[in-house]
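Shared between the two complexes below is subunit A, which pairs with subunit B and subunit C, respectively.
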Partner chain A sequence: MPMRKTILVACGTAVATSTVVAKSLEEILRDRGIDVVTRQCKASEVASMISGVDLVVTTTPLPGNLGVPVIQTLAFLTGIGKEAVITQIIQALKL
Partner chain B sequence: MNILDFLVPSSIALHYPASDSKEVIAHLGKLLFDAGYVRETFVEAALDRESRLPTGLPLSGDVNAAIPHTEVEHVIKPGLAMATLSTPVTFQNMVSPEEAVPCQLVFVMALDQPKAQIEMLQEIAGILQNPSIIERLMSANDFEEVRTSFSNDHS
Partner chain C sequence: MDTFLSALKAVIDSLGATIALPIIIFFVALILGAKPGKAFRAGVVIGIAFIGINLVIGLMWGALSEVGQALVKNLGITRDVVDVGWPSAAAIAFGTKVGLWVIPIAILVNILFLVLRWTKTLNVDIWNFWHFAFIGSMVAAVSGNLAYGLIAAALAAALALFLADWTAKAVQSFYGLPGISIPHLTTAPGVPFAIFTNWFVDKIPGLNKMEADPETIRKRFGVMGEPVILGLIIGLILGILGFYNAGDFQTVLVKVLGLGMNLAAVMLLLPRMVSILMEGLMPVSEAAREFMQKRAGSREIYIGLDSAILIGHPAAISTSLLLVPVAILLSLILPGSRVILFADLAIIPFVVAMFAPLMRGNIVRMVIAGTLELLVGFYLATWMSPLFTSAALDAGFKMPENALSITSIGDGFLWPPALFAQLVNYLGVFGLVIVAALLGVAMFFYMKNTKAWEIAAGAPKE
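Take a look at the complex of A and B:
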């Protein structure tokens, strides 16, 4: 039984965008039988939230070298390249 | 939930002739202020936020969109303003701010609690992913046409 993976979802203000991305991500992965935990934060908070996180998904640029894989994408808002990003996320989680 | 549950009819500007993104944000913010949805600090806060954390979203069709918003303390109650622009104005790309995105569809979101009105953005995202809704929206001339643009039963 693999450990449940944790994804940190970041956006500019953590008011709405990261929540929409996190929900969409959870649903899509659950449909594929992948159970993940998501957390949300502002881009400026990522460094302080990184502990225990397996992957960061962000809609806004982040400071470099966080020690975990980072995927920058608007696909969960615009639909463009969504399938490719999901593949990338699954690979990054090493599932 | 439907986007019409959030859209403030008096805060819609159709074929609006804006010369830049600031003018669009200021206009829609003013309409939301006049309708009692946001505080007078909203426009300045949204402009400041847009300059630091831009919201331009390149879409798959000819029309790109932007979704300016700001921190909750500038908002009185949740609502949504919308503009279709007669000519595109430049927003910067949310995920790569150095990239300019010519946008013709702008949704200004007034969100009064973090994570509380995510349905509003979910509805917007659904529209952004549906080129036929955007096409109808861009040609809408009044609120009734905006309203019917959002229904999915057109072919």
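Take a look at the complex of A and C:
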């Protein structure tokens, strides 16, 4: 049983685009048998929310050097290139 | 049958968004091709979101009403229009009678514009259709005519497509987002302010050379830029101003700290509740995106997204950090304005994001343009607050007795809703004709001289 991974999803509001990303991620990864927890935050809050997080997925630019992998993507919003990003996310989680 | 229908209408009218919206959303999702189970869950979740938002708004209104009255007594300034924040505005807009119909209306407008080749933008950002509903709700409130509101919402959807096309090249090159445009009516209305500020600042020696480094500003403000801390600090400041003479030391301390914690709680809880609304809307927006993408064909299309994807840029964040104290100060000193700012200080990055391409991320200029837009906004908001308040009642939000009027920076401070509502207020249906004509003229000149317009909005010259 692998450890449950935590993904922090960031956008400008922690309401709109990050909800789309977080819910899609939960659904897609669950369908592939991967158990994840997602948390949402604003871009300005990432630094305070980073502890205990395995991966950050963001729809907007973030400051560098967070100490965990960061994937910036619009694929979950546009539907374009979604599969490639999912592969990238699974690799970043080292599963 | 008639009795049944009128009874149904009465039920929908009295229960508002908690009942009516879930039913409408269920059917809209089904029509767009979502699975029945998902569509049903989406409707239920949206109803739950409205219940949650209502709870948090109740908390906020309670806290702000008390301190608002105390401020009037202590400082002698009338600040009876309370900023309830864009999450409330979005919920109100979706909850009104215009909001019930906004999703199908805006999708139809978008498909019509694509077929006629009047736009390149495919607006898949269903969530932000609330801006169109907001404008429609203001028009419906001022005219008392639902049809006018629905037409206004359709025109607003068209306006968003035009502004998205116009600014697309600027956004794509500055933010590095190929194929994306931003049909977002909190962000795009800033462009005229940015054009004016650039023109003005270029004429002032010294100021026209000034720059500031975004990273330094962001680091220096640190945790202060977070909405929760901002809410706490504003609560404490308002508390001290309002309650310093409320009784003995213990009473004052309890009231001040209590207000600070209440407002900090609102800053965290309100967006959480609204994200439930977003979660409920997701199956609809996914279905709508697939529905529209299938019909868009293969020519060059911009995908219209939420400006939330621009907000992480250092120029946008730093500018808004600097604008928060400016906004609070304006809120306290502007003569004739009745607005007290609170919940929407966190939305300022959305207001300024579209300045950045035109100003090459120059924060000095962005702060000037932002100050200007806010300054105008206070007066637009003061004027529009009765309409805003009646839209909230239409959406079934419970307001306390003798409640204050309400507004929010997004979109109560902005010129598109004010323009629509003013014109309809004075001219009735001709106001809508004028809006349509203005939009038509702007689109005509844009299509005739696309390159020059794009450069004016900040696109690179090459």
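By our rule, the second predicted complex is superposed on the first by the 95 of 95 C-alpha atoms of A that agree within 3 Å, B and C clash if a C-alpha of one lies under 4 Å from a C-alpha of the other, contacts with A are read in each partner's own complex, and residues count from 1 in each chain.
Going forward, a residue touches a chain if its C-beta (ideal position, glycine included) is under 8 Å from a C-beta of that chain, and two chains touch if they have at least 3 such contacts.
As the structure is a prediction and not an experimental result, all values here were calculated from the model.
Colleague: Between subunit B (first) and subunit C (second), which, if any, makes contact with A:40: first, second, both or neither?
Modeller: both
Colleague: Tell me which touches more residues of subunit A here: subunit C or subunit B.
Modeller: In the superposed model, C touches more residues of subunit A.
Colleague: With the two complexes superposed on chain A, say which partner A:48 touches: subunit B (first), subunit C (second), both, or neither.
Modeller: The second partner, subunit C, only.
Colleague: Under the stated touch criterion, which partner chain does A:62 make contact with: subunit B (first), subunit C (second), both, or neither?
Modeller: second
Colleague: According to the stated criteria, A:84 is in contact with first (subunit B), second (subunit C), both, or neither; which is it?
Modeller: In the superposition, A:84 touches no partner, neither subunit B nor subunit C.
Colleague: Please indicate which partner A:10 is in contact with in the superposed arrangement: first for subunit B, second for subunit C, both, or neither.
Modeller: second
Colleague: Which residues form the common part of the subunit A surface touched by subunit B and by subunit C?
Modeller: After superposing on chain A, subunit A residues 12-17, 19-20, 23, 40, 43, 58-61, 74, 77-80 contact both subunit B and subunit C.
Colleague: Enumerate the contact residues on subunit C facing subunit A in the complex.
Modeller: 87, 124-125, 127-128, 177, 179-180, 215, 218, 222-223, 225-227, 271, 274-275, 278-279, 282, 285, 289-290, 293, 303, 305-314, 317, 346, 349-350
Colleague: Any idea which subunit A residues touch subunit C in the complex?
Modeller: Touching subunit C: residues 10-20, 23, 40, 42-45, 47-48, 58-63, 74, 77-80 of subunit A.
Colleague: Quick check: in the complex, which residue numbers of subunit B touch subunit A?
Modeller: Residue positions touching the partner: 49, 52-53, 55, 57-60, 67, 69-72, 94-97, 109, 111, 114-115, 117-118, 120-122, 125, 128-129.
Colleague: For subunit A, which residues are in contact with subunit B within the complex?
Modeller: That would be residues 12-17, 19-20, 23-24, 40, 43, 58-61, 72-74, 76-80 of subunit A.
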